[in-house]
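Each of the two complexes below includes chain A, the first together with chain B, the second together with chain C.
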Partner chain A sequence: MGLRANVILVCLLLPCLLCCGCRTAGFDIEELGFVQISAFDRTDDGLIQVSVQIAKPFAITSSAGPPIDEKPYWTVSSTGQTCYQAIRNLSTQSPRIIFWGHNRLTLLGENMAKSGVSEVLDLLQRNHEVRSSMDVMSVRNASIDEVMATMFELERQPVKGFFGLLWSIQRRNSTSFPQSVLELSRKIETEGMEPVIPSVEVVNRSDEETAAPGQLREEVVMDSVRINGMAAFKEDKLVGWLADRESRGVLWVLGKAQRGILVIRDPRDDNNLISIRIGASSSKIVPEIVDDRPVIRVVVEAEGDPLEIDGDASFLHHPEIWASMERRMAAVIRNEIQMALTAGQQQFQSDIFGFGRAFYSKYPHEWQLIKDNWDNIFPTLEVQLDIIANLKEPGLTVEGVRQAQ
Partner chain B sequence: MNFVNKEKISGYQLFSLLLISRLVSASLLNPTFNLIKTPALSWVNEIIAGILAIALVGVIVYLGQKFPDKTIIGYAQILLGSVTGKILGVFLVLSFFLVAATDMRILGETLITTILPEIPILVFIITTLILVAWLSRSGLEANGRVAGFLMPMMIILLLLIGALACICSISDFSYLSPFFLPEGPRELILPTCSSLSSYAHFLVLGMIIPFVNVPSKSMPISIGSILMVAFLLTLQSLIVTAFFGPLMNTLTFPTFVLAQNITLGDFFERFEVMIAVLWNVSAGIKAALFLWAAAVGLAEILNLKRYDPLIYVLGALLVPISMLSYDGLMDVINVLTGSMIVFTISFVLFILLTLLIAFETRKYIEGRDSNGAQG
Partner chain C sequence: MRRYLRTGQRQLLQSPSSDVPMKDEIRLNLTENENQIRTAFGYSTDLVIRKVKFGAYIDTKLLIVHIDGLVNNNGISESVIKPITLLSDWPPLTDPAPAQIFAQLKNRLITNSELTEVGRIEDLLSEVCFGNTAILVEGHNVALIADLKGWKERNIEASTTEPALHGPKESFVETMRTNTSMIRRHIRDPRLRIEERTIGAIGRTSIAIVYISGIARDSIVQEVRNRIDRISIDSIQSSGMLEEFIEDSPFSLFPTIARTERVDRTLSTLLEGRIVIMTEGTPFSLIVPCNIFMFISSPDDYYENSLIGSLLRFLRIFLFLISLMLPGMYVAATAFHPEMIPTPLALAIAAQREGLPFPALFEALLLAISFEALQEASIRAPLVFSATVSILGILVLGQITVQAGLVSPFMVIVIAITGIASMALPSFSMSISIRVLRFALLILGGILGLYGVIWGMAALLIHTATLRSFGVPYSEPIMPLGISGLGDSQVRISQWLKRKRPTLVSGINKTRQAAGQKPSPPTPEEKKASAKEEES
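Now for the complex of A and B:
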């Protein structure tokens, strides 16, 4: 190729250098509004309501900068016949193009969850901007407007507050477990397995004292949120709420209960309580066919450390007391699983434990025969529990402070 | 054909060109995934297709080594006669041209669907084709060097994304069981054929063999490239299944969505950008290879002394052909998961069997004649 042709080619390609930059969907970054949290619900007249929190970059300060008395986000809502129409209707209020690439959390309103969330999931998975690894939560006993209006005492941006709660509940309590949009969609599509996602509710603090003497700067947080157990689904519809201990029961079966506190009674005196910190745990779902009927055996192994002992704490030379505490720990775990089984099998009739999926994995041929009838089999399915509890570390002392007689 | 001796590629470059040509279709669209009914066993069809592809490539290289200074179009004229050979050559040129056009269209559709939806597809196709034609006109040697440079990066990137996906909390390896096909082994036929139809692009090997500096190494190198591709595709199937479970056969761009959803510690994110860079360069290398093959083939049919003047003409023709061949992304997927499978496999089998039978018949007759002359 001659020199002239090369020069022409370079001249043709040079304009490409002028086209590069931070342009998404044809707009500069200054023209975009970054969604941090989105919420979807269905209104009483059947429309889809979308509410989003958009970051206000000019109101976000670094720790070194002066404080700004302005919320670092803007909450805006709109409605439409479909989710996408509702999203596009947001543009009648937003001077910036709404960009979904940084959306980290999606909240599902109660009406929407009860009527089916497949429409929202389809939107979130089809849109190229959205990452379906974002977390999803279900709103309980409140509207999405109420949840989006809440604030956190320790975080200026609600998205950070929600993530802090999710992290904390997973690492400290194991009464809920983060789920992404992708995981929710995957479980809906999986035969023999139904999804559970964290549920969030509003904590009303409007009557609480907000002013404290000596405070230099007062910030009033009226309503906040808390994570309260999990929402149980059947296919794409919400069928009920799991309380904290029921949720942990589900997580024991799924092998996701990693942290939290179990309270047992002292084997020597039922009036005294002992706090046990849950350590590592694992579970195994073993499907069996006994007398031509499916039976499930769940084996849970859990470790724990006694953290707080009310009363006589001298276990050092009493291995039988240690063993008794382990049995009581196992009994507490068994109770929590039983509570979850009752909720799942009788109350919701939804296989949130994935027992059907376990059957399919071990007995794929037999599963083909029973899968269409699984909804009728599951509520009366026999579930045997084998709980193995081990207490490990006594902490920094082997004996506690002597109690007064 | 006097341009065969002007440029040579090494065995490593041949390996790189073949590997990129096959992997690019799997890292962009992977239509094979859309045909899978049981995601847990999606990896099985990749292994079967790899084994069948070895047989396919074995025939191409076997014939190529019998005529070390001739391309497939060149020895087709010897085996079938000038006219029939040239007619077969025209079909081959058209097939190379169509592969390049489809490759460009898929690249354009991928970019406008996943990253830049507001930009007209024509912009991507034209700008990429300028570079593709430039690379193609620089010859197979230049393309081989680019492929040799890119191939290790491509493998490392795919392995890196696979490893990151494995340690991502979303991955659930229980989706890889059980080893069970509800509808029996017939479930595997269509996805295996789909994967095999992408291997059928290795027909271009028939054009490359005379340009390899050590033709005798073509067989182990070609088989090695198939084994490496089959390994990577099997790995891809396993990881995508663990990540998406029953959703894996609904995805339009599995590798992109996988990379998009990888997040490590809320810090390492946006791996899809690396995938997009990989798409552009590897799709360009594949298109340049097939454009070069079409130009070389056409030059042979027309008895031209040089093929390079044809490159820009064919490159310019690729724009309307790639735009007019498909209505849109859905049409591309429909064609690639339907008629294209049947057409590609039948076409390659027809070409190879015709040439193989002609060669063996000719060998038999020549052997009989020489025995008769001795007797």
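Now for the complex of A and C:
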């Protein structure tokens, strides 16, 4: 390539460099206020309240420096007629440019959730700084300010605490399941499927006895939070709360219940309890049309390991008792799903299981006929449950402790 | 040797500003000749002219001319002076005419292997300048030239600029003849061609074009010859100067001629069909045509397992990119794209940058320039100051700047990693180009963010794609794709897989070796055969 061609190339490229408009920041990293948790709610006088926790980088203890006895975040809130206005009103209090790129969690207040969250979701998805992959949770029985004021004993940054909760509950108990802003919005938009998102509530600890008698130092115990089941939505509005076992019922159907402990009674002695650790599960929603009536068949296949056996464990050698335990495990699962179905169909009348969506996929033409009437069909929809439970390994020991004596 | 001299003579004839008595023939009168030689050298003190008598009985005088320090004194006394003075009496000459004496000298007495005749003063001077010894006979107008060169030269030592753990240690020295002999010693085939040229009207530096006939492509050899013959200069001190005269893109930052001081590396490139140019006085050989992958390969790649060799290549490509882009990427990410950095890291960077006086770009420039200064100082400073340089470098760059709140520790880490990455590249000529380009990308990244870095990289890519080294594309064998060369580019395949030489470089002889040489356990037939042998 000759010199002239080079010059032409440079002349062509230079305008591209200068005319592009993707430079929005223009601030160095230390001039930004990193939002870690955001929360939205509606005040009693109809305004939108936004509350954010902004990281204080200088107060985050590094391994090298001495421990800093200072909260590593700053909570600030403001109000406005719309979400965006409320956010921009934060700048009257924040000396740093508020940066949303690292916001990983957003909380929806109860008032806001009941009156509809589409406004917030629209803002969060429209804004280029915000990650749609951030998790969303619903606040139950508390104001967002109360939740934002809680602290975790194990984490200095609340965002890490919330994340830890979501992860541990997903990996240990399956009584709740993380949902991102994107998934929430998608489920709101999808026909025949309603969203469920984790719900968080405040555990009041401040009033508890803080110092045991004889203890020298009085420890300040802050309020903390716990994840309590999930919040069921209908379209963009909160319609009700699912307790822990109901939530797991929903998650069984959705195929998301992968971990947790099921307690069954010993088939030979009802006084003895056996804990079964859920190992894996899968589910299939099979829509059918029987006599022009839509019917749903849910096939759930679950695996578990009996890992706490109270009493005689010799039955492990008897296949018929083993099978009976599997039936009892299936019954527990069926029970959980039934609770969820009752809540979803009767209480909330919200298709949080995505049955409508399943019909849409399998019978697209028939769906067109029933979709407008789905809200009426769903509460009385016949749901057949088909639970297959398999027990696998009884842990490291075979004989029970009591038996060995 | 003769060829070498002939070109030297031609060069001398071409030189316009020589005040040497040009066209004169050697005279019959010895004193006149002596005077002429002395005048030509302006009575330089290193010129040695010894007058001896031919034996004990004949009075004819002989003149022995050489330059002190360029000749082997033992050799002169053993093979020139001793025969003339002590051994010339028996058998006695029947006719002591100068022509007879000359013939006697040439055919019998002078025991040196390389002996030529010259008839002109000018040629004689040139020979003497090259370190040869001239012998003139009273009454004869032809001089004998004996090659008795000998001077102090550096020993062959292990390579200091391209160290390798395994493999041969020897590296080139300043004497070209020693260097060509090292090559010849390893390629014992008459097809190894060493063509010599003399460049520089005054310096008269010898330059050798070394290639293997048939393996090197004739058109490229001819191109090398043409480019070297085109040079008209007073003197060339080092191959670096020669490079500037013969490279394809003089303004490109990328080196299009590879250098090495390793003999093994030179040999392997010769066997690929590349051409090596050696310069008298430079312990580096120039390799043409070269491609960009030659700058990330090290001889050790070939002496280790091919998997390890390939992994090392990948590591070096990675380090190449790191040393090119890391500061630019870091500045772009912190100043423009904080959302790209993982949250804990972003907060840690923000915490460290708290209260720093400079924006990220200037912080990076400050540190990068200090690092360059340190690197330059450690090369240039006399050895006695090296401790001072390193202590100051460690203190000032590593500690004080951070403690004083001028730069953040992260930036120090970034610049340090970049520095280490660039030093891990086996070729200094490439890493020095990257040092410059790194600044360009840093400034682009600091002004335009990742967008600028990407444009910079795109421009570099386009540029390397247009580069050529002696007509062969620089990014060969990737672009244009050369299957046979791919095995020795980003990866280094096993020796027994390397069947062909690089397509674009090599000449007619393209096959390196036979197929199917992968080592394997003996086949049943072979086992049977060896069992039979054992029985018998």
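Here, the second predicted complex is superposed on the first by the 364 of 405 C-alpha atoms of A that agree within 3 Å, B and C clash if a C-alpha of one lies under 4 Å from a C-alpha of the other, contacts with A are read in each partner's own complex, and residues count from 1 in each chain.
Definition applied: a contact is a pair of C-beta atoms (placed from the backbone, for glycine too) under 8 Å apart; a residue touches a chain by one contact, two chains touch by 3 or more.
Keep in mind the model is a prediction, meaning the values are calculated, not measured.
When both complexes are overlaid on chain A, the residue A:Y360 reaches chain B alone and has no touch with chain C. When the shared chain is aligned, chain C comes close enough to touch A:I29, but chain B does not. Shared interface residues of chain A (contacting chain B in one complex, chain C in the other): 1, 9, 13, 16, 25, 131. Chain contact summary for the complex, chain A toward chain C: residues 1, 9, 13, 16-17, 20, 22-23, 25, 27-30, 32, 34, 36, 55, 57-58, 60, 62, 99, 101-102, 104, 129, 131.
Against chain A, the residues of chain C that register as touching in their complex are 334-339, 341, 343, 346-351, 353-356, 359-360, 448-449, 451-452, 455, 459, 462, 466.
Those residues of chain B that touch chain A in the shared complex are 113-119, 127, 130-131, 134, 137-138, 170, 172, 174-175, 177-178, 180, 182, 244-247, 257, 260-263. For chain A in complex with chain B, the touching residues are 1, 9, 12-13, 16, 25-26, 128, 131-133, 180, 182-183, 185-186, 189-191, 357, 360-362, 364-365, 368.
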